[in-house]
Every structure is written in C-alpha cells, then in structure tokens.
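Have a look at the structure that comes next, please.
Going in written order, the chains are labelled A, B, C and D, and every chain counts its residues from 1.
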Amino acid sequence: MQMTAEELQAFLARDFGQVAADFRVERADAAGLCLRLRVEGRHLRPGGTVSGPAMFGLADVAMYLAILARIGPVALAVTTNCAIDFMRKPAAGRDLLAEARVLKLGRVLAVGDVLIFSEGEDQPVARAGLTYSIPPK
Amino acid sequence: MQMTAEELQAFLARDFGQVAADFRVERADAAGLCLRLRVEGRHLRPGGTVSGPAMFGLADVAMYLAILARIGPVALAVTTNCAIDFMRKPAAGRDLLAEARVLKLGRVLAVGDVLIFSEGEDQPVARAGLTYSIPPK
Amino acid sequence: MQMTAEELQAFLARDFGQVAADFRVERADAAGLCLRLRVEGRHLRPGGTVSGPAMFGLADVAMYLAILARIGPVALAVTTNCAIDFMRKPAAGRDLLAEARVLKLGRVLAVGDVLIFSEGEDQPVARAGLTYSIPPK
Amino acid sequence: MQMTAEELQAFLARDFGQVAADFRVERADAAGLCLRLRVEGRHLRPGGTVSGPAMFGLADVAMYLAILARIGPVALAVTTNCAIDFMRKPAAGRDLLAEARVLKLGRVLAVGDVLIFSEGEDQPVARAGLTYSIPPK
C-alpha cells in the first residue's frame, strides 16, 4: 500500500475541499477501502432517501481512493466508465458505507467494484463497477 | 405525449424543489427530451470541470423527465441501473445539454439513453444508458 | 436453497441442451454458485484467447443458475442488462470458472455479480453485473 | 474513413474466419456502420429467440469494425467494457441488424454505442455501449 487511511483523508481535504467533509475513510488495506458518506439533508431526495447522484459520488470517490491507496497520489486519474445498480432504498437517517476493491491495476486502466450499504444493514443498497484512466507518468 | 416541456418544468419545481433550479427543460417531443444543467460553482471539480456526480444527475433527471413526458406524472419511478461513459472534459464555463430518448417503455421497466454535450460543441462529453422501474398502477 | 448443483445441471441439460455440455455446476450454496466453462476450440478467438461472447455467455448462465438455485426452476427469467469488464487475457488452454452471487432477489428483478477466473489463477479475467427480470407467477 | 465496407468484410474473413460467415457489413460511412447477423440455428435459445451471447457478439463485432473503419486495420484493439440492455424479444426467423456509431476515438480508448434491430422492425431489441482499448503504435 502506498497511502494509509489518514493520508487518503488528508489528500481528499487538500485536493477536493468542496466534498471532503462529506466523506470519511474508515479503512484502507490490501483487501480494499471503506468510505463513509455522512448523510446530510443535501444528499436526500423527497421522501428522505439518499439521491442517486450522492450514491454515484460515493462509489466514485471510494474507487478513486482505493486506487490511490495502491499507486500513491495521482490527482489526474479520471473516471471513464461506471455501471451502477440501485437495488434497495437506503435506510432513513443512516450514513452509507462503500466497500471498494481494485480488481485490476494496469498501466493505463484500473478497474474495480463497490458495494454500498446503509450502516448496520447487511443487504447492499447499490453496487457499481468503475474504470479509471491513469495518466502516463 | 402526456406532458409538455412547461408541465415537466412545473413538476420538477413542485416535487424536486432542491434541484429544480439547476435544470431547464429545453424541449420535449416524440424524438426525446433536451435538459439543460445551468452549471454553477457547486457542480465543479478542482480545475473547473463539471463533476461526475453532476453529469450523472443530469443524465438521470433527463431520462426521468423523458419517461414522464410519455406516461404522465408518476413520481415513484426509480432508477434501477445506469451505465455511463465519460468521454471528454466538459468545456469550461458552459452549460451542459442532455439529449435523452426512450428506447423501451414496458409495463415494469423503461430503458433509454442520453448524450451529454457542452453547449455549442458537437462532440459529446458523456453517454449513458439508464433503466427505470415503473411502479404498478 | 431451492435447487442443488446436481438439480441445476439436470435443468441445464433438459432446457438448454445446446449449451449444457459446455458448462458444469461446480458448487451451489448460500454464498453463490461456481460454474465451469469447458473451453473448446469453438470458444476461442485468433491467438487462442477465449472470445468475449463466450465469457459473456458464461457470466449470463452462471447468474441465471444462481437465481434458480434460490427460487427454483423458472425457465422464463430473462436477462435485461449486463455490464461486463474484460480485464485480463484468459490463460491459454485452461477452463474458466465463474463465481456468481445474487445481491438482490426482488419480486420482479434479480441483481447479481460475477467474477471470471482462468482455472488456477487468482486474478480475475472479467467481472460482470447482471439484472434478470423474473416473470410473474 | 480508412476502410470501406468491402475492405472490412475482407478483413473479417481473413482474421476472424470462424465467425466471418455469420456477419455481413451492410454499410460503413461517416455516420457509422451497419452489420447483419445471419441468424442460424446455433444462435437460437429454446423458443426460437436469438441468444444473449449472439447479440453481445453482434454488438461487439459491429463496434470493432466501426472503429477499424476509422483507424484502419488494427487487429489488436480489445474490448474492455460493454454495457448491454436487452429490451425486446427478437422477431422469429429474422436476421438482426446492428447500427454502430463511434462517439469518441481517443489515443488509448474508443467509445461507441450500438442499437440492434430485427430486420424490418423499427423498435430496437437491444442497445449497448462499448469501450475498446487501442494498442500503442
């Protein structure tokens, strides 16, 4: 691993100041990364459920950080593709936890997947597969 | 068509007050729907490019409204799947325009696709395929 | 579980006679299902690598059987969506093994994902997320 | 355009002899490429409908040829991602026609989408978005 959970959190605060406060890196190790979305009113849709874009953003940031944990701080990696399935309504009033794992770390592409859970639940609310393009050094 | 561009805009303002001001329905007809994202600072990532979640949200709302234009106001249709490709960096300081078309309108599922452009450009910045689940009447 | 590995294999032989000989159900339990593709010349592309359609077919059948293991023999479940990432070249001259798990089993939709490995390797060659539509009883 | 429909057909026959007889390039121009799948018994599932893998293969080859039409014969371009929606049952006893268009042709990635129709029908049976990795020269 090139970066710890603390280093990833600091990277997020420095380079993504706008959204960093929404997220907390719970764990980063060889098995993957767990990222928390602190759910606030601005993430909700009418009815109190977390919005699709907020879940997409959680999956996207979780995979980004899972890649950085392996390759070090490369601010220019960009998402090229995401396929996301929304499976259940998130539980009201709970944070979301994303479990991301990197399945391939190539020279130009990284691929991984993410499961999103309402905290305390064991059935996922969403799953996503993501591809990132890694800039040449 | 069950709803005009004006009716869709009014529906958005009433049921999605939080995000309605971000969007303007430019056109809704048999060929599909065009939705504008008025790009503001909160949609941007460092470097001035529109964020992935903002583009995802634009694609998602555009497809939702394209379906409603065909079936009338069904507030409970939910996104079950989205596959999105990010192809180019959006042009700085421009609104985004999403062109959505419904490819299938079934009893329980609706499927369509969306192309997203920076205003004034003819090469798309993103494309998405989306599936919505339609609640039983 | 509604069906064992043996029952699933028998179902495949009876209802999908054309392709049944390609596949062997290695395991079916609460954690998911493992399906083997016995790689033959007809599955290969020039250069000796397994073709994309053969891998897609493996993922599709593995998820189908993983759903049937849970709900019993419902011959009419149909794939509505598949997002597949091809990550590595399969090893030459090896069978492929698909590990499928069901993430959601709803009234009308089932969602799951699949990892595909060359036998004896621990890095996946492909991953897929699939949605099936389940016919009303 | 770097290759005509006839040149693409000849390329297919030479480099993909196994499957070339299944396909006919109907058109290749700046707007995209149309590829026919000559439907035979081996492409069918029980009930007489074209199988998912056969449709996946059609989409995949159509996009591959659409890219080659633009960049010339690069036998090593590989599919990295495909998201496909199956929307309707193909009509029995009809060929399938795939309409492919290239949406991005980058240095390392090409992205496009495909609509598949039963010949003579105007509602698509499937749609797909595909990404190809282009080898360095």
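The definition used in the following text is that a residue touches a chain if its C-beta (ideal position, glycine included) is under 8 Å from a C-beta of that chain, and two chains touch if they have at least 3 such contacts.
Just so we're clear, the structure is a prediction, and the values are computed from it rather than from any experiment.
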| item | value |
| --- | --- |
| Chain pair with more C-beta contacts, B-C versus A-C | A-C |
| Centroid-based (C-alpha) most distant chain relative to chain C | B |
| Mean-CA-position distance for chain D and chain C (Å) | 23 |
| CA centroid of chain B to CA centroid of chain C, Å | 33 |
| Centroid spacing, where centroids are CA-atom means, of chain A and chain C in whole angstrom | 27 |
| Numbers and ranges of chain A residues touching at least 2 other chains | 80-81, 83, 85, 87, 131 |
| Interface residues, chain C side, partner chain B - complex | 80-81, 83, 108-109, 131, 133 |
| Of all residues in chain A, those that touch chain B in their complex | 15-16, 18, 42, 45-46, 51-54, 56-57, 60, 75, 78-87 |
| Chain C residues touching chain A - in the complex, by the definition given at the top | 83, 85, 87-88, 103-104, 106, 111, 113, 115, 123-124, 127, 129, 131 |
